[in-house]
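Before anything else, here is the set of structures, which you'll find just below.
Paired with subunit B in one complex and with subunit C in the other, subunit A is shared by the two complexes that follow.
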Partner chain A sequence: MEVTINNKKIEVPEDITISELLKYLNLRKKSAVWINEKQLLLKEYDTYKLSENENVKILNIIGGG
Partner chain B sequence: MMNFPSARILEINLADKTYDVKELAGEIYRKYPGGSALGMYLLLKNLKPGVDPLSPDNLLIFSVSPLTGMPISGQSRMTVTTKSPLTGTAGDSQVGGFIPVHVKGNGYDSIMFRGKAEKPIYVYIDGEKVEFKDAKNIWGKITGESEEIIKEELQEKNVEMSLIGPGGENLVRYANIMHQRSRANGRNGVGAVMGSKNLKALVVKKQKPQKPIDMEGFKTLTKDIKERIKANEVIVDTALNGTAGVADFHLEEGFLPSRNWTRGYLEKGDQIKGETITKTILKERDTCFACAIRCKGVVEIEGKVDPAYGGPEYETICTFGSYCDNTNLTDICYANQLCNMYGIDTISCGATIAFAMECFEKGILTKEDTDGIEINFGDGSVFEKLIPKIAYRKKGIGALLAEGSARAAEKIGKGSEEFVMACKKQEIPAHMPQMKPNLSVNYAVNPFGADHQSSEHDPALMAPKDSNDWIWSNMLADFESCDAYGVLDSNKAKFALETQKFYSMMDTLCLCQFAWGPAWQLYGPEELIAFCKYAIGWDASIKELQEIGERRINMMRYFNKREGFTRKEDVIPDRMFISIPDGPNAGTRIKKEDFEIALEAYYEMAGWDKKTGNPTEETLKRLGLEWALS
Partner chain C sequence: MLGYQNKMLRIDLSNKTYSTEPLNMDWAEKYIGGKGLAIKYLYEELKPGTDPFSEHNKLLLMTGPFTGTPVPCSGKLAIASKSPATGTILDCSIGGHSALKIKYAGYDAVMFEGKLDKPGYILIEDDKIEFKEASDLWGKGSHETETILSAEYGKEASILSIGPAGENLVTMSCINSDYYRQAGRGGIGAVMGSKNVKAIVIIGTGGVKVNDIENTTKRLSEILREDTTSEENMFIYEDGTTAFLEACNDGGILPKRNFSDTTDENWTKYNGEVLLQYRKGKRGCGSCGLGCGNFIKIGDAVCEGPEYESIAVAGPNAGIEDPQAIVKANQVADDVGLDTISAGDVIIYAMEMTEKGIYDFGIRFGDKEKYIEYLKLMAKKEGIGADLALGVKKLSEKYGGEDFAMHVKGLEYPQYEPRGSWGMSLAYAVSDRGACHMRAYAPNDEVFEASIPPYTAEGKGKMVVDLAVYNAVKFSLILCDFWPLGMDRMAELMTLITGKEFTEDDMNEVAMRVIHIARAFNQREGFTRKDDTMPKRLVNEALKSGPAAGQKIPQEAFEKMLDDYYAVLGWNNDGIVPDEILTSL
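Let's look at the complex of A and B:
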């Protein structure tokens, strides 16, 4: 199915959860995720399943160094 | 209320080779509990305004804290405090490794040097015994060789030392003080002050570290350390790729400061990222006393790069890499080694060379000015030609760049000032305000120049609300969430101020900002309170810790006021307001008008006069600093 991630249309597997999506995109597990402009909690990452055409925003949480 | 431990201050007069131990009562020490705050307390009490930083009148103060040497990650840090020859402000720089534990183990919280030795010497401390040793055999020698000779002369291997190389001896304005060849009190030119005092090294005999007063309670913080690390993916990354791994993420997002900060994206940047280093040239990971994170990278390139001098941190990868448009990893690692051998700061050195590259590109510097060297962007082979010239202040390009980019531009003129990427004359570390806007405020107001470890970075405000990043940072104050890069408002000003207080407190308690912090670190604020309690019986609170941090910042700003600094020095280079021109986040920017509004908000919240930028009398009194006013 197709979803929009950070303004780009991307094909992802059906029923993919946020945790699976982050792994699929090779991103950190606690990246910040917004679905249709609503930010998810970490505890929702294993259960929230993406639907067709949803708008996803992901930001990497990068500290100092 | 518990009896807070008193502090023991070893005062050493280098001019007449005398010393004395003074005690600071526990009730006072609790307000300035070690490290950076204790150093500033001593500096403000003992240094008159207007002193030339490189004159014998300046002071050089090494301080640890009541927590230094406890058996837990991230407590082996030491601050050097002085008046900085680079910025002219209060000078402040931290180091890790093993010497902090043994300064404390010898029974001292602070070692303060006054005056200037008649001839080069080093000082050896073994408990109550303080010896002044002739340094004629090591003056002029690089750091590693000096270490070996000192151990041989003392016929003692069980020592740790902080020492300078030729950079400090030749008063390079960004000379550092090296420890174990790869750790540095890197910033603010503290090594030049040591050189100006003819002090080659501070050597301490290894001693037993101190123990917590409540070992059973203490073990609740340390017993599950492997699981704690495993559960924190940032720390897992840090243990795998070190700080070099930050380059990977900044490169991916397009916020890796490149080509003297004109871009955020570096073609072929993959060649210098942390993952590449780990896979190709990493020899091992090193650590500081009792720290389970093991963030220090040690690299080896046969025939070129000696692992004895460690490996490049993220900042060094950027200043000698992306700042200079250079993707040759060997050149970066060798530049890192040269800086560590000669004892000069890799951030200021790389950034000053990047400045020179832009001057050369624009025809402002020519081969006539550079001793015939073509200083081109993208050519890392110039580092090995330039760094020795800088360290020895060789007449010509060496002496010019040894002054740092801001003073070099004053001498060069011809519009070169536009290419200086520095705040208060200190070169800026590799975190772009376009991505982390609160750093624009922090870079501007930070009392000792631009620093990336003086506040938490903005991504904590983007984190999920049930993450440690969000929960811990909101223990300091109530912040609003943020969902994009480039946002700079009063919420960010508040974040800059409140997390700056926390980081300021950590530099006071001499804690590592990877192990302890208000966001992604190994331990959070509540665990720090438990640490204080189990270690020394201190019933601290977040409020008290924040106030300690705030007090230190205000002492520094008041010190700067005495030196004539005002709001007009609280500026950042115009280049920080440009839109990121290309890469994944092209177009991201912070607006100058938003910066000015955030700065006003910061002054208001900090209790500083908006016109002068200095702490008001009321603020100083609120923090118990009325003694400084008199």
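Let's look at the complex of A and C:
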């Protein structure tokens, strides 16, 4: 299925969880994640399953600004 | 060790002489460079009680072993001194290209001592050092100064300069480079001004030797591709730190109206989506892999940025929603040489004082024209600016409003509201240079990735130590904070560049030395637990809006965090570093 990740359309497996997505994309498992502009808590990463066309934002803000 | 030039340049401003000496490589092994090695040198060379504005204070430019190499994000320079704002140790990091030029000129570090008898600038051109007259530059903004000196010395010259704020010894003045990069906090620009140094021009034409260049270059390319420019880091290229606005607003830690509340319902008027419509160009520092800089131009307002801190303080925290005014405030602060955070905090404190009728500073929330005008007055110490230049701590002692005076040790608060991220109140309190978000950064753990509950004291002492350990190493390697590389990677890079084996444990040991010696410096100046404080507002007033509504930080919770933090570091309950640690530094 197709989802948008950081403004790019990407094909990912059906029913993929956020934890699996981060692994699939080879990203850090503790990255901050927003789904459809709503922030997801780390404890939800194993259970939240992505749906077709969802908008995902993945950031790794560790300081500065 | 390779990666170093093994040389320090020492410049005696009083006698207009200079000398070179070997870098102390025993210290370099223990403190690496950047923050750590700079603090070690100043700890050894500055007498306790030194007046920050006296000729006995020193100004130290410190690179690191990666500076001038292809290690990603290694273009920053540490600038250190004793702070005139706080009386603590002060180390800042500045982007741009000056660090590379110092290294290419053949030096790991440049130590400025004494004071010029009249305004001047220093030319460092490889092994040629010249003391130049600067009476025609004195009084000019940093931007014009840099333009004049660039025209004279060419684009290969890198320039560090101060604006009128530094000349006038405003204790929130910064050092500028590449027009829009700053060593911003703690009045480092005023130290340079107190030495009558308007600018430092650096031209370096040499190189840096690294270990096994063929394999090192190959491995660095892999690291750049796989770890630096990976998907979750590229927001910093695409959006810069404007991306932090959404994260902070969503998380309830974007402050508004002098930290009286959080979460601005009108944030979409000045957010990244709005600002980036006006982007005219991109830029990164030397050896950068991420390129965070965005040139924004709205009408007659232009700057590189504004970054998160500058947007938050001149935006919601000042009750201003006009993106052009936010950019203009950033542009003016950079030019006159003021730290956008501290100068902004002073103005928003003055706004609240006026609105509450405690003292009329003639400015209220939302008054964008006066915000910009007051920055200029502060830099010149003219009119109301002479008072405002005192900073929030001294102003509140003089006029009141101590309940909402947002500072620690005299350094004004950064723009992450601790009632939505309790660990941040501890991080600000124990930071070695007063309230600083760059020593331990709690919002990621507590709010963004949200792996640790934000509204509790439990576990926060250990969390803040862990975060401080990470940053102590990163800023001693003098890497950019936007690359979230692991400690194992930092050890790998040290091994790659220097040719000497470094492990993660070695890096952790470096971090502990750096944290201890910074505290030891401050301890020698009389700082103890009594100075590790949080503003009364955080204890007495609950937030009203956003995800953290209802939150305030009980004093006993704060004290528990302090107890835990000291205990993890092996300090006593008064925050004192014991003798057995001091003798090992």
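Structure notes:
Here is the rule we use: the second predicted complex is superposed on the first by the 60 of 65 C-alpha atoms of A that agree within 3 Å, B and C clash if a C-alpha of one lies under 4 Å from a C-alpha of the other, contacts with A are read in each partner's own complex, and residues count from 1 in each chain.
Here is the rule we go by: a residue touches a chain if its C-beta (ideal position, glycine included) is under 8 Å from a C-beta of that chain, and two chains touch if they have at least 3 such contacts.
All values reported here derive from a predicted model rather than from experimental measurement.
By the document's definition of touching, neither partner reaches A:Asn36: not subunit B, not subunit C.
In the superposed model, A:Ile62 lies in contact with both subunit B and subunit C. Of the two partner chains placed around the shared chain by superposition, neither subunit B nor subunit C is touched by A:Asn53.
Legend: residue contacts after superposition of the two complexes on their common chain; A:Ile5 is shown touching subunit C, with no touch to subunit B. Residue overlap on subunit A between its contacts with subunit B in one complex and with subunit C in the other: 28, 30, 32, 34, 39, 41-43, 57, 59-65. Interface residues of subunit A facing subunit B in the complex, by the touch rule stated above, are 28-30, 32-34, 37, 39-43, 57, 59-65.
Residues of subunit C that touch subunit A in their complex: 226, 230-235, 238, 241, 243-244, 246-247, 250-251, 307-309, 414-415, 437-438, 441, 443-444, 448-451, 471, 480-482, 484. Within the complex formed with subunit C, the subunit A residues making contact are 5-7, 25-28, 30-32, 34, 39, 41-43, 57-65.
Residues of subunit B that touch subunit A in their complex: 233-234, 238, 243, 245-246, 249-250, 252-253, 313-315, 431, 452-453, 456-457, 459-460, 462-467, 469, 481, 483-485, 513, 519-521.
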